[in-house]
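Here's the structure we're looking at; comments come further down.
Chain IDs A, B, C and D follow the sequence of writing; residue 1 opens each chain.
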Amino acid sequence: MMVTTEAAAAVRPPGDEDLSLLLTIRAFEEKLLDLFGRGMLNGTTHTCLGQEYVPVAMEGLLEARDHVFSNHRGHGHYLARHRDPEGLLAEIMGRRGAVCAGVGGSQHIRRERYLSTGVQGESLPVACGVALHLRRTEPGALACVYIGDGTFGEGGVYEALNLAALWRLPLLVVVENNGIAQSTPIARSMAGSIAGRAAAFGVEHRRIESMEVDEIRAQLADAVRAVREGAPLVAEFVTPRLGPHSKGDDTRPAEEIARLRAVDWYARYAEAEPERFQRLDREARAAVDAVAEDVVAREPS
Amino acid sequence: MMVTTEAAAAVRPPGDEDLSLLLTIRAFEEKLLDLFGRGMLNGTTHTCLGQEYVPVAMEGLLEARDHVFSNHRGHGHYLARHRDPEGLLAEIMGRRGAVCAGVGGSQHIRRERYLSTGVQGESLPVACGVALHLRRTEPGALACVYIGDGTFGEGGVYEALNLAALWRLPLLVVVENNGIAQSTPIARSMAGSIAGRAAAFGVEHRRIESMEVDEIRAQLADAVRAVREGAPLVAEFVTPRLGPHSKGDDTRPAEEIARLRAVDWYARYAEAEPERFQRLDREARAAVDAVAEDVVAREPS
Amino acid sequence: MRVVENLNAALHELMERDPELYLLGEDVVDPYGGAFKVTKGLSTRFPDRVLSTPISENAITGVAAGLALAGNSAIVEIMFGDFVTLAFDQLVNFAAKSVSMYGAPVPMRMVVRCPVGGGRGYGPTHSQSLQKHFIGVPGLALYEVSPFRDNAAVLAEMFARQEPCVLFEDKVLYTRPMNEVAAPFRLDEQSPGVARVSLDERPDCVVIAPGGVAHRAMAAMSSLLLEEEIVCTLLVPSRLYPLGLELPPGTRRVFVVEESTGGGTWGAEVAHQIHRAHWDALDGPVTLVHSADSVIPTAPHLESAVLVDASTIHRVIRETLRG
Amino acid sequence: MRVVENLNAALHELMERDPELYLLGEDVVDPYGGAFKVTKGLSTRFPDRVLSTPISENAITGVAAGLALAGNSAIVEIMFGDFVTLAFDQLVNFAAKSVSMYGAPVPMRMVVRCPVGGGRGYGPTHSQSLQKHFIGVPGLALYEVSPFRDNAAVLAEMFARQEPCVLFEDKVLYTRPMNEVAAPFRLDEQSPGVARVSLDERPDCVVIAPGGVAHRAMAAMSSLLLEEEIVCTLLVPSRLYPLGLELPPGTRRVFVVEESTGGGTWGAEVAHQIHRAHWDALDGPVTLVHSADSVIPTAPHLESAVLVDASTIHRVIRETLRG
């Protein structure tokens, strides 16, 4: 994890809409862990605590016509795209109003041009197929795929990068590099670097260390525009996984987690603009609480 | 194909043993096509015409304790390792004395520490397993895998390169880059370069454009020594496929094949040292003819 | 017309009729036209929708799934069906599941073509008939090319299912003629997609066989008729799974023939369905006739000893009926 | 002792006894000790032979095959058995074939461990029981963890076969106790590797079930006994394929229970073998009891509607025997 506390230096929280979205995702994920803790959720879940800003930043660069592919850690991706905590929580809890009728659950969600699935690496080739379609029938639209650093272990990732480069597909791979895969640190799962993996296929690569939504958008705007012209891109975000892999299965030393918490946008924004932050945070949590109260009371999907 | 006719400039054919081996492989492959033409072989075969020098050069760098993994185009690999045209032809023809009792045929051969199989990409992970064994129980020995350029389409190749680099395995990947896969030119099958694919995993890479056995050995000696210490290597040979992919299925333009034949070691060596060449060539062809006559007359395996 | 020509014509027809249809595979473009020439001419006519791919069975199957998700239709050619093992995850865990795992039905119009079977001395990794391993995947249908059914109809039916399908194509069938049966047998359609080869008289047994072994079954039927006066009716279903097959009324003996090596074969599934539906009418259990439980060797004499052939079928049927 | 502890102890014992044995898998090293904690403590004791791997199911299975080729023994943990689809090629086309495709037998001591099954709300790609897709691969044997057989014996038997084996482990079984049956039923060994749960009196039927569904079968047996006075004998084979199973003399009704979703199930293969051997002794066809032909949904109420459970088993047996 290369996130440095210097980042905390000049903190300017994003505008209200982005900040509210960040806070909504944070509130949603914490609510899930809370519900799990109280035995009200079954199955499994993977929260994106600490990484919320990645999809929030990306949404500012994506268009409605773009396709988004997500993975096991996809709540933030979904909420950033569809602003639908109700449909998502209902899906996770298997209640009326579930976006996928409760069949898919946390890891298998589809709505319009958003789709997630739980098998690592599968989505890249699929996204190449969608990108192939887009290139011919909706030029300018792209397929965006979120994957983690550990997923670079899967051979399918490379088969897809090769196709994307060969066929000049509008494919945008967003790598959430949180430096760990379940319990395995990246040093034990990846030789070389993500930049090198992209370069091997002649695919553009950008490494984003910033956690600031507007800054990130500025850094990626040109490259994402190029994707729409058929220059695939790997956008690597160096980002902190604050929570456990799923539930209570975090074996990292306390110091490391403390080091990550120190760079968490949440604490930094709260300190930087207490008044606005508290107001929006209260609103977000109130909204999520209301959704939870409503959904929990619903009959099964 | 980057092989240039300049290579023909200062030609010094290799010593008798190497040259004889080169000529034996050439004679063997031509004998196979001849037998096929006369309807005396069934199934399929993939000759290494033009590429014979690759395994001949490599054998000079390999030791008996090393493992060699081969692919569909493996006759030269096998003959360089075991000098056993008889067992190989019997295997291909399913006659008594077949090295694998006629079960495996041209593409599935195993003898001592040599093994080939016909599914592209499978052998790299397997070789990693053997290398893992060697690193612990026979330090200094290595696992050598021959693959073609087209095989870089397979995801398993990358999963294996990653493991080899992470675990510092004595893995030597010899890439016979003949610029084509069956009918598909490398430009349509590979984005980026083989060098880049190796670099992506922090794996050493050497590109060999020479066709001269001694020169090649000199160029690779250090890197192969390093493999034995646990520094995996991708040795890429730029090499001409003179013949069809298997039998009569060559769709390349005549000029291209002519261009490749112009750099063929066979013609160049014949011209450089007519007397020695003719003598060794006669010997090699006579030996292969004798083997063929013998094997053809044998009962089924 | 030979089977390979019928299949090629069917692909030409479909590519022309459906401008949203893609075909992908290794070495499928002209002049090569695929390892078995099934795709000849397609890339010349439809260059932007017929794509030669790298050697990436996993990814190209995923690409087909992506095209299907986006509303296209897609056909993937796996050069040798043996290599579809590399696409097993994309087929089982993504393509087939997508049809139903998102709560509402998602149409997935994709076909994975798999040339299968031995008899050509290609050896253990290029001769298998892996149909059995794909049975029972929710959302995945299995078909096999038959000399008795126009492949344009087969492909149309597969796409109409709106779920991923695997089409198995016996390599030795490619060069066989379409719709040819030896006298005195007659060919007709028993039910949609199920061909029947029979005589007028009441059969002593029913033989169920996919297209790839139909000729071997027919050869056995002819020799059984001549040498043993045993009358067989052959049923050749185009769809292997889910299986929709009606036994002729009064059937008391059934044989299922397939090239698969022994163990967990398609025939066991067919037998199970028949036993449930016709237990009391049968004189004995459904008899399975298949290749040996072995890898498929390369040498002709070893390969033919492993693979099911007409003489095996003849012998099993005679011994079962006559003891 | 719970099943997961027995399995963990078996691995400790084997790793200690065989210095040539490796164990590989994702997140298997301490302190994590594997997603289901089956490998806890192993990496601490055997750091050089217990390796956490990248997320590369294909490659790590190939690595195991390479170790086996070199004379080692190897165990691969696939975190969720659903993902073994990614290793299908290495298992089917390389590891299993290597045993025989090189003319002379090649010992391949490797075991691929696959946690399978639903009931935990993990959803369609993390809940499957894919055993059926691996049946009938020459050179590949299939086992399933049972509450009635010490896993040290199971692992020893698998390695002694000298061919690749897949060990399926029902996730819900991990937390169950070993060797526990409800009175009045008694547990013994019917034949090597086949556990029997029975009463003294002559059973009305025989139930065949792998370890993962044994408890569901036993619950049904208890309720059938109490509510219907139907007496069942349960047979739990440790090896699923090749199957070596003897029916008790006088058996007239057989049920095969498994969690697999419908279609081409293991039970169809078991039924085929039983029908061939016992046709005349049976009162009816072997009855298969399995989950619905569907993806396995995430929501508990939907999942339980799909998965086979004790009440389904009870109902099917009662209806079959009593009509």
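The rule is simple: a residue touches a chain if its C-beta (ideal position, glycine included) is under 8 Å from a C-beta of that chain, and two chains touch if they have at least 3 such contacts.
The structure displayed is predicted, hence computed values, not measured ones.
Under the contact definition, subunit A and subunit C share the contacting chains B, D.
The distance from the centre of subunit A to the centre of subunit B, each centre being the mean of the chain's C-alpha atoms, comes to 46 Å.
Chain geometry summary: the mean Cα position of subunit B and that of subunit C are 36 Å apart.
Between subunit C and subunit D, the centres computed from C-alpha atoms are 30 Å apart. Residues of subunit C in contact with at least two other chains: 53-54, 56, 58-59, 82-83, 86, 89, 93, 97, 100-101, 123-125, 295, 297.
Of all residues in subunit B, those touching 2 or more other chains are 98, 101-104, 108, 117, 119, 152-156, 159, 162, 166, 188-190, listed in ascending order.
In terms of which chains touch, the assembly is arranged so that all chains touch all other chains.
Partner subunit B is touched in their complex by these residues of subunit C: 26-27, 31-32, 35, 52-56, 58-59, 82-83, 86, 120-126, 295, 297-302. Residues of subunit A that touch subunit D in their complex: 42-44, 93-94, 98, 101-108, 117-121, 150-155, 181-184, 188-190, 249, 251, 300-301. Put simply, subunit C touches subunit A in their complex at residues 22, 48, 51, 53-54, 56, 58-72, 74, 89-90, 93-94, 97-98, 100-104, 106. The part of subunit A that touches subunit B in the complex is made up of residues 152-159, 161-162, 165-166, 188-193, 196-197, 199-203.
For subunit B in complex with subunit D, the residues that touch the partner chain are 67, 98-104, 108-110, 115, 117, 119, 122, 124-134, 136, 143, 155-156, 159-160, 162-163, 166-167.
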